[in-house]
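Shared chain: chain A. Partners: chain B in the first complex, chain C in the second.
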Partner chain A sequence: MTGRADANPATRDAAPATAAAATGEAGATSVRLFGWDAARWRWVAAAALLAAALYAPFQLIPFHVFQLTMVLVYAVALLGLNLLVGHAGQISLGHGAFFAVGAYAAAILMERWDTPYPLTLPIAAAVAFVLGLVLGVPAMRLRGLYLALVTLAIAIFLVPLLKRFEEVTGGSMGLTLAKPAPPAWSGLAEDQWIYFLVLAVAVAAFLLAGSLLRSRVGRALHAVRDNEIAAEVMGVRLSFYKTLAFAWSAMFAGAAGCVYTWVIGFVSPDSFTVNLSITLLAGLVVGGLGTMAGPVLGALFVMFVPGISQEINDAAPGVIFGLLIIAVMYVAPTGLAGLAGRLIRKIPRKE
Partner chain B sequence: MAGFLQQVVEGLGAGAIYASMALALVLIYQFTGIVNFAQGELAMFSTYIAWQCVAAGLPFWAALALTLVVSFAGGMLVERLIIRPVEGAPELTIVIVTVGLFIFVNAAAGWIWTFLIKDFPNPFPQGALQLGGISVGFSTVGVLGVVALVMVLLYLLFQHTRIGLGMRAVATNPSSARLVGIRVGWTLALGWGLAATVGAVSGVLIAPLLFLEPNMMGGVLIYAFAAATLGGFDSPAGAVVGGVIVGVAETLAGAYVGFIGSDLKIGVPLMIILGVLLLRPQGLFGRAVVERA
Partner chain C sequence: MLEVHDLTVRFGGITALDGVGFEVARGEMVGLIGPNGAGKTTLFNCLTRRHEADSGTVTYEGRDLTAVAPYAIARLGIARTFQNLGLFPRLSVRDNVLVGAHHRGRAGFLTAGLRLPGVRREERALGAEADAVLERLGLTKVAGHPATGLPFGTLKRVELARALVSRPRLLLLDEPVNGLNAAEVEEFAGTLRAIRDAYDLTVIVVEHHMGFVMGLCERIVCLDFGRKIAEGPPTEVQRDPGVIEAYLGTAV
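Let's look at the complex of A and B:
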């Protein structure tokens, strides 16, 4: 850790961690194992993870493949939320709404116009991006608190809105769609094919987000997050970057919603209540704000912890989520990913 | 015309409840600069306590008194245990902590009392007053009366007691208040306790109109946010006026704007919040804050 005096607990760990990810410099000086620096180890870990992800669907029963697919869907959504909350320091309590917009855009395209499913992804992402931009322009003129309010209100408003436009959205009954069928040449079962589709989307999303954050845009976002006034003085246009972060973040959430429709083959308003938005934020906070691994860990958390804890009591997931969020904000503002990073840095160095 | 006035009266009843919830939000905002996203859930939890007391055989008003005391203590406890450690942290951190509190309290209520809907006794008699063709339900009169009483009590507390003076001092300038010997930490806790109590009143008032269940206050909170935004987050009187306006606007929009109907009424507070923030961000009665770097 760089011994920087920063009054911001949410970013105290995040800033150096992401700086390390962005440049590889800070990591290189902090950890060196078997002659490889942290940046290289990070690539090795990512490659190993990818290899495991490619191998897994051939070893697991279809239900577990489905669960892993959903983890990837959530990971993409959390990646988007992380851009906004973790990297740009703006809050959204309504990201489930953009997820829902992506899901419905895909569903309506497939249902009404028989759009082939690969085409729904760019369109759904674009729709969510534009919506994020439109909402972002007024929303980003607001200070943090009001942004939280407005996004929460949007998430709550969306469900009755979806139910109202029955001719288009299918109302409360929702829309049922055919899932993407595996092409004959692949020799894959349906669940495996969908898994690989979603995996491809997720990898693309992570590469895109990663390169975005390494660019001047990423540095501008971090500057906005860490000190708005300093950022402005340095020539970062606050409203432009905040709005853009909001729109990108909506775009990733929309893409996640679109692949959600592929995976589930069904959309209904009650799948996208405000609880989804709050669960996404909770998952991201626990996974790790402002880190690359955070969305993945958060997605695993969102997917598996409710199912396991529900066996104790229907309310147990909420109790666990609530307590964990508060605890994480006190003791580990960068979540599980930050904790893992701290452990790695504890490993004795060979110089 | 009578139909219109009838709708206005209904709106006033709803608005009074939003006003009390908004007042709870504003109280906390004034003292700590925090918008408490868990305020509605704390009110819901208090309402469950009242329900439990009534179910255990206490008469309604005794149950209410007990609930208010417990809520006050609970609010102080929340400030001491949960909010204290993040005092002075950036908004993002504090918002996330109150959202965590929201999730926790919501789930805890579900754990203790299940997610099944419960009937909550209405403290006011059935029937209505007839005023020139408009019927005003006794429960509407009761709600308005109780909320007015809460306002008067708060006014007296803030303007005419030593504690209130200290609280105003802390809200205006914490460091100066500390220098003249006011215990700022405890005053903040007191503010949270008061807010929890006012919130409990609104929970108990609204529970007979809705059904008592853990997600009861989700919608109410949005209306209260709209009310507080409209009135100005730093103005208690504004919160009350805002609450009444939001309640009436919501009822009228639901009744007369065909497109909105009863299901899209939740869009009204959203529009109000967005409109106010774009046109007059400090609200009707709030002060515009000039920020110095």
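Let's look at the complex of A and C:
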């Protein structure tokens, strides 16, 4: 691979090489279609998806554009949650709180200080990051159920807290804001403009997380997830990586919350109940933990399945939603992303 | 290079190590033997800071090892393999090996996320080195395979590759040929000799396979019930009545 093979012919014994050749058959896991390997197909798929995403708002009615925008908002939040749960192997039942913090940070900045909306994104992300760091330091000393409980508590105490400081947060009434207006040069309608703003944020977030995960840091997080003891022996500082994974995860959720405020133009405590945190986690698990497609598929699930449940049975949408989650997990225990991967591998291939 | 002095470790009422002491000089290959439960793995765990010592000292290159944080051991040039494999099952073989180079990298969350030029350079350099080690150990063909579902002997080599990429000066091998057949043991011994010379390693190897240990190591330390019962060249230790008794028991 590196042309180094003949650098040390004397010390290299041939036996291991033949042993590996025998096992080499098992090593061929990458999908090859028309001579392209899996990595190349992933890029093609991502490019096609992006092209479709750029084209869609010109073909859809405003309500559907809005729905698609919300899918992107959830996708960014789930991307953050995935970093922590799917990649670093920790758990959070409180990510709705970081989403809310981002949403409120943006709303308060725009409402109280007339901050231009593009500026609210870095500030809201930074606020969520710092909060994630502060809460992450003690939280990451816990694991499993204890961590789940602590993060759940974060989500629980948030709503009463938001209602309490009425002068700043607008209390139970919430805050109503103007949505970002499309500049004249763009020639876009408001819903289309907002859609493209959110798309840009989502693409940036996915690129950022993608390169993070393909690096030394991503490998360290995966190592912590797969085997803490071995990771530590290899020099991975567990507390550092767990805490920063929590903070980065919170930051993505906060950024998602910020763009949520742009999209909806309204925040109130009742939009960010514990239910949101649980739905996010359920959406991620259904979408597929530890994959790049998982957050997108999970976002589609979070956005559309409650509505579908409502249509199926108006009286008990929650029951249908729950049953659908159970059904998906039964058919695809590794989530929708895992199911898609299994189906692709079933396609007969030319060798 | 390594001085263990009067090391004692207790778990509740059980004394896993009882005043163990020995030294390892630079470049040596030392075998650590003893019946099951003798405290061999516990000793390794002490050296890599998985267990706290109740008393005694461990000095490595003049530094008190008991005061070093567990994650900082790798940076000091100590690498180990695990008795029952300590791989990352969902990572590819190549990524497993690259985790071994973790302490040599600098990339942080932000620089990696932005994929700055320095990060790309570092990634390329460590990647090339990992590929070279994979090649040397005959693992190139399985580099993209997840570190599960491969033959046990292959996974043992992956662990060795991961340890080597961390550029250790002291390598701790915990039962490296456990579960391998006779041909594989022979092959592994050859690989280990070559690697030791190429990387200028000091090695401590825990192993039950007597042929392997006796043929490979210059010196043997034998533990039994947490105590050192013999130390010396293989030929001497093999004839030591205490060692024979520990392994076979005494005639009634």
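Following the convention adopted for this analysis, the second predicted complex is superposed on the first by the 301 of 351 C-alpha atoms of A that agree within 3 Å, B and C clash if a C-alpha of one lies under 4 Å from a C-alpha of the other, contacts with A are read in each partner's own complex, and residues count from 1 in each chain.
Here is the rule we go by: a contact is a pair of C-beta atoms (placed from the backbone, for glycine too) under 8 Å apart; a residue touches a chain by one contact, two chains touch by 3 or more.
Quick caveat, the model's predicted, so the values are computed rather than measured.
Chemist: May I ask you to decide whether A:274 touches chain B, chain C, both, or neither, giving the answer as first, second, both or neither?
Modeler: In the superposition, A:274 contacts chain B only.
Chemist: May I ask you to decide whether A:217 touches chain B, chain C, both, or neither, giving the answer as first, second, both or neither?
Modeler: second
Chemist: Look at A:319 in the shared chain and tell me whether it touches chain B only, chain C only, both, or neither; answer first, second, both or neither.
Modeler: Touch status of A:319: first partner only.
Chemist: Given the touch rule stated above, what does A:235 touch, chain B (first), chain C (second), both, or neither?
Modeler: second
Chemist: Go through the superposed model and pick first if A:171 touches only chain B, second if only chain C, both, or neither.
Modeler: In the superposed model, A:171 contacts neither chain B nor chain C.
Chemist: Regarding the shared-chain residue A:148, is it in contact with chain B (first), chain C (second), both, or neither?
Modeler: In the superposition, A:148 touches chain B alone.
Chemist: After overlaying the two complexes on chain A, where does the chain B footprint on chain A coincide with the chain C footprint?
Modeler: Correct list for chain A: 7-8, 11, 229.
Chemist: Given the complex with chain A, which residues does chain C contribute to the contact?
Modeler: Interface residues on chain C, with respect to chain A: 48, 50, 69-75, 79-80, 82, 86-91, 95, 98-103, 105, 107-109, 112-115, 119, 122-123, 126, 128, 131-132, 134-146, 149-151, 153-154, 157, 162, 166, 184, 187, 190-191, 194-195, 197-198.
Chemist: Provide the residue numbers of chain B that touch chain A in the complex, in ascending order.
Modeler: Checking each residue of chain B against chain A gives 35, 37, 82, 85-86, 88-93, 95-97, 99-111, 114-115, 218-219, 222, 225-226, 229, 263-264, 266-267, 269-270, 273-274, 277-278, 281, 293.
Chemist: Can you tell me which positions in chain A touch chain C when the two form their complex?
Modeler: Against chain C, the touching part of chain A is residues 1-2, 4-5, 7-8, 11-13, 15-21, 23-24, 26-27, 29-30, 208-209, 211-212, 215-220, 222-223, 225-227, 229-238, 244, 248, 290.
Chemist: So in the complex, which bits of chain A are touching chain B?
Modeler: Those in contact with chain B are residues 7-11, 85, 89-91, 93, 138, 141-146, 148-150, 152-154, 156-157, 160-161, 163-164, 229, 274, 278, 281-282, 285, 313-319, 321-326, 329-330, 333.
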